[in-house]
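Next up, some structures in structure tokens.
What follows is chain A paired twice: with chain B in the first complex and chain C in the second.
Coming up: the complex of A and B.
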């Protein structure tokens, strides 16, 4: 039982102290049993306060520290490290969240928020009294990384890992590498073609002996956790023979680079599939790239007037895709400029909802305007109408610049500027249990603090599987993911949290309830001294606690959240 | 002078300790390499540490930056030089760069200073506080800002009258007017440039009246007014201290504007303006906020949803570029603009105007390379020699770029760019 506890109550600038009377909280808890130091601080996480905490721990010989501040998701680790610097076992540190759970949740009731903060801090103090020293579980890590998906992001991630002298397995389900980029012609901002860029990176990959590229291969199962993943790979079904070759690989970390799918318009969406003169942006890019004549021909017909309808499948107010696909504005403008350069008599009409050529892309937008391209902004609620009469395709659109006056426009070709979708095939996500955001792309832990890591240790995200990006943004994200993956296992050792479930073999009667409750497949059935019981695989267990309450004989305790700690917290909360 | 240069050796030099430089230094240092992080300012943390909350998650910026900054400052493999500048870099061989560094005197021994602020109270000289963007004053002996790192006093010798008051009250005798400029010669194997951006100076657009009309402020000033470490503890207009209730945002101030020499989009202003609007609506529930825009560019993850949220909260969006701002006697401002949606020229009255200023290139590293010269793009941002294949590479092998030094970027993109630059630097260190 801890005797010398130090409590810090954070203002968080005003995030907490605007609604919670932090001084009142301090006074309410300073005489709690064992509390020898109770302070308020402007920013508990600031360097100066961290230094002060270390000094306090020495001066007052604290054996337990509690910080009442923001969510532990933000700063639990920060303060654990402070106590460790001062020589305490970092797992004895206890965090109380009085920002998200008190000040922000009850900004309409200052007294109530303060009362709740007091109770939360009391509960934390109670837990601190029982908090035991814990030690991380250490495992040897396999010094190899798997990268799933060999588009630009996957290829660059693999290359960057190989350049750091670590083995990489690059897995691609298609028969060729390069993903969507390989299909594209000239790329914006450089004169390189997509296929050339992919070829260049592919050549770099082939220079490295420590990269194995497995095309036509899928990942069908994954076992294990950071440091030791076992992936089962399967060669895709070959029509020639009926053999389905499978193999297993062991890696310490996995980079997910599964990319995106193009949005495919529904039949009838802006007359798509009902009118052959309506095509999608990827198809149009292919058409202009592959046409060699001086005039652009489509289905044998000369193309001069091209209308581009933007935001098809993106920024939907009704549909599922609320997000902006980010790359389509610049991609379309670039394609329009190139088309005009390459073919005679092209007139471009851009029907858009606000052009988003952010950053230096603006220079290309300027160029398109200089070229005489016509930009018509339509109102979100009045999308253009496409009709087909007398073999002519026309568009009806209301232009914001003309105070919503209706314009009629004939076009030889209508290009639907389709956005990015999260992969429709979500099998990799399901395999690794990757969390998804509201937009259904895979989600990072924290956009700014940990932008490529996922809640599954050892799994990082590269490129557009995390959200729409252009090529250079994808590469930046891929290299970031590669660095994180590399750093986490480069010394051949991983440490995992000691906060895992623990099963008392004497009480366990193997009913299987814990196995059903566990979302991470961390429970195994084992026979020990002739008795069948459940055991926890410490390297897989995440310490989520799902198994503890369903255990009928109460044989499961969560280390760090034992029954005695939790009951003492409940007592303090209702005191 | 040359002989007095102290010789030092590191694996990597990172120039600029903003969020991009800091992230780069951490990534490299976490792989066991020794990093020298050089910052010209008195604190690390760059511009991000001065922000209020960050879009689109509305996380408190200080809460994200301060622990990062603390991690950087305490990292056993990172050495931080504040108030320092790299004056030259020469590439000698593939794995040897020689850099000259000047460390300016702070006139305070940081290791002894407890930031007790007694010097601040004793100092009789009041000047403009650049960390609060001129909203309030500071002393000539001062702590840069409350969450600065290192958190220690600085003597602003240019403003100081050498009265000695600070020295007399300092309980730890850490103030030292005899401190001199130190010069270093650094040997290093790789260099990362993370020199960030400069804010557009709205004095260049006289028709907006910045500097003349007191209630016209920049977005950075508004950022300070709503930050947790805010100077007034409430939001008020600088002219007369009135709490504003009709606030206007003028987007694209100094961006997408050839007339001021910056044709490109700054990428962040739409989003930070919408963020400030949302925070203002929380702080001043009765206030009306209007955003005057050309196009709303909410392109990143969760950004479009954030735009819709701002609309749903009642932020008034008007498509139209502001032509001119004039001041009424009561300090209110008249904005003249073309309402694109209605197709007519209109005037609107607001009691406070925020100019959403953009990002310009920081040209401080333009002259430092001797021998093999660093290349820049048409806007004076550092040129990315392989934009699509290896965005962090510059034209000099072994020199990489992180964050907004290569072009406008938001915080998530800066951090990914820093991840990219550090990855290249680590590979370079392993290969050479």
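Coming up: the complex of A and C.
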């Protein structure tokens, strides 16, 4: 029970004080039991106030601090750090939100807002009295990282981790590394071939003693949590021997880099498969890459006029794929330019829905325009019609930039510009229980603040398994994921938040309700001293509190939010 | 009706001077900054689009190229340096060759060699005819005057009237514009207003009316000089008034055209930056016309002409090249097409309005 409490009530410029009478709040709580210091401040988060708080803590020998200001999402960590600087345990700090919950919510009722603020601060003071010093949970971590998928992202992530002197196991389901990039011809802007790029990075990987590459290998099961994952690997079925070799590896963290699948148009989608002159972008890239003559030949026929239909299987208003695949505009225009350079008499017609060649790639769009390529934008309600008559393929399209004027063109070849799909094989996601976003790609915690981490500690996302990306974006995300994975276990120790569920073994009767409620599989059944009870895995528990209210004998407490603390807060609120 | 795309048209148009218009990404800045474009008659973006797609029939039936007076704002503001202003100019050149039933316009625009050969041939013809008259000044001046008189009517009857009829066919009849006689008569003032004032050139560049003023004076000076030489027989007259009038008119013609030539050399404005042979030919020959006419009359008044017959031969050569090549097939014809363009456009608008 704390005796010397300091309370700071923030004006937040005027965000709070315009509606809440902060001086009245101060007066209302200054004589609360244990409060030795009650102050108002213009900006609690300002440097000068933070310094003042540290001085106050020393001068008044404070053992508990409460700041009533904005949402804890903004400044909980700020003030925890202030108390830590002053020598207190940072988990004893208590935050009261009187901006989002009082001044902003009740700007029409100043008196009510003030009254609510007083009660919120009182509740915080009550909690502060019981707030105990907590210490992060520490575990020993395996100093090794598994990277699943040896495409561009996986290879770069592995290389980056290995360069930091950590051992890496790079696991690839296929028999060769490189993924989709290995399929591709010359790449923008380096003009290096995809296969050459893969070869170069593969050589770098081979030279690194920290990296073991396992191709033709699948991950079949996973156990454990951050710091100590045990993965079971299986050599893929080889036709020569009937053996299915399995092995286990222990790693501290896992980087997921399983990549994407190409969208395959359905039969009849823009005459795909019904008309042999309609092919998909990956097939077209293969064709131009492998053709060596002066003219482009397809099925023995000379190709001159090529029509590209964009956004096939992407940005569907009706279908499942609502998203833009980002790379396809760029890839198509690049391929169109290369084709025109390589073969004689090529004319390109781009039927698109808005060109997205962002960044430096805008140069490609410009080059295509200068080449005299024709760009026709169509509305998604009026997709181009492909018809096949007298052995001639022709297209009809309404030009959005020309008051939907109907245009006709003949094409020797129609290329369907297909985008990226989440992997059809979702086994890795299921294995690790990775959450998926709206588009069915694996989902990060926050696209801006924590862009490569997943809600599963120790598992990061690299490359296109997270969403469509081009090569450089994939590599960026891979390097970021590698660094995150590395830094979480680099010193051989994993620290997790102390705010986790705690089970009182004496009261627990193992009914299994908590196991059903837990979204993170942090609860295990265990026999201790001959009694079967529930045990919390502290490295997995997120402290969400879902288990506490369903516990029949009330054996579960949430550290930092114990029944004692919560009841005292409720008492203060309804007082 | 669906129209067939024809990218080959891009190359064709480039022979008429269009540069870089395929760089256009359809942002519409050109149309937004154009002081003549209106929601009903919107350009140049639409013309750029038609040109890239190669929709020849749509361009042929359009009057918009004639509605542009080339202030150059669009070209200056184009983020892709696609040069819409020069494209509009090229479309005017192309349309001139489309309207011209003889096909000579197109040849002159596309081939510098052909243009130079034509100029040389006219020069030789003048020399041959002069030789036939043993270079007798009085006789040459007599026939020179007669030539000038007949060529005006001949060009009008053989070239301009049929060509304007073709223009009418392409832009009014074929697109099935429904217009009765009343509309044709009611719109007539537009024809003359635009012909003699270049009203739109003034609207074109609101900050700087000097170009319009120069152009306006030039047209007046040129037309009245034509009248003075043809009908008042400037070189033969004894009337003091007519002599002075001719001096003033020819003075204005060569001074203003000299200024135009110098701004083309300096590339002062966007519209001066991409001068085609046809543009040079037009301004330089007009300047030479004014200058040589002025000098011939000066030689007459100072009694130097008898000993300097070459002066008249030079003038006659310039005049013949002007009247036979540049006026019917070159840029001079734009003067007529523009006025008729505005006339037909006003007829189109009136018929649209009546339709509802």
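Here is the rule we go by: the second predicted complex is superposed on the first by the 449 of 575 C-alpha atoms of A that agree within 3 Å, B and C clash if a C-alpha of one lies under 4 Å from a C-alpha of the other, contacts with A are read in each partner's own complex, and residues count from 1 in each chain.
FYI, a residue touches a chain if its C-beta (ideal position, glycine included) is under 8 Å from a C-beta of that chain, and two chains touch if they have at least 3 such contacts.
What you are looking at is a predicted structure, and each value in this text was computed from that prediction instead of being measured.
Student: Mind working out whether A:12 is in touch with chain B, chain C, both or neither, as first, second, both or neither?
Tutor: Once the two structures are laid over each other on A, A:12 reaches chain B alone.
Student: Go through the superposed model and pick first if A:447 touches only chain B, second if only chain C, both, or neither.
Tutor: After superposition on chain A, A:447 lies in contact with chain B alone.
Student: Given the touch rule stated above, what does A:323 touch, chain B (first), chain C (second), both, or neither?
Tutor: So A:323 only meets chain B here.
Student: Tell me the contact category for A:374 with respect to chain B and chain C: first, second, both or neither.
Tutor: second
Student: For A:27, using the defined touch cut-off, is the partner it touches chain B, chain C, both, or neither? Pick first, second, both or neither.
Tutor: Touch status of A:27: no partner.
Student: Is A:366 contacted by the first partner chain B, the second partner chain C, both or neither?
Tutor: both
Student: Is A:266 touching anything from chain B or chain C once the two structures are fitted on A? First, second, both or neither.
Tutor: Neither partner.
Student: Hey, is it chain B or chain C that touches more of chain A?
Tutor: B
Student: Have a look at where A:408 lands relative to chain B and chain C in the superposition and call it first, second, both or neither.
Tutor: A:408 sits against chain C, while chain B stays out of touch.
Student: Hey, what residues of chain A end up touching chain B and chain C alike?
Tutor: Of chain A, residues 355, 366, 401-402 contact chain B in one complex and chain C in the other.
Student: What part of chain B is in contact with chain A in the complex they form?
Tutor: Interface residues on chain B, with respect to chain A: 27, 30-31, 54, 57, 59-60, 62-64, 66-70, 73-74, 115, 146-147, 149-151, 227-230, 233, 256, 263-267, 295-305, 308, 319, 340-343, 377, 379, 381, 384, 387-392, 407-409, 411-413, 415-420, 422-424, 426-427, 430-431.
Student: Going by the contact rule at the top, pick out the chain C residues touching chain A in the complex.
Tutor: Result: residues 1-5, 7, 10, 20, 22-26, 46, 49, 52-53, 80 of chain C touch chain A.
Student: For chain A, which residues are in contact with chain C within the complex?
Tutor: 347, 349, 355, 365-366, 369-377, 396, 399, 401-402, 405-409
Student: Over in the complex, which chain A residues touch chain B? Could you list them?
Tutor: Checking each residue of chain A against chain B gives 12-15, 42-43, 45-48, 50, 70, 74-75, 78, 85, 156, 160, 163-165, 187, 189-190, 192, 197, 200-201, 315, 322-324, 326, 354-363, 366, 400-404, 437-439, 441, 447-449, 451-452, 466-468, 471-473, 475-477, 479-484, 486-487, 490.
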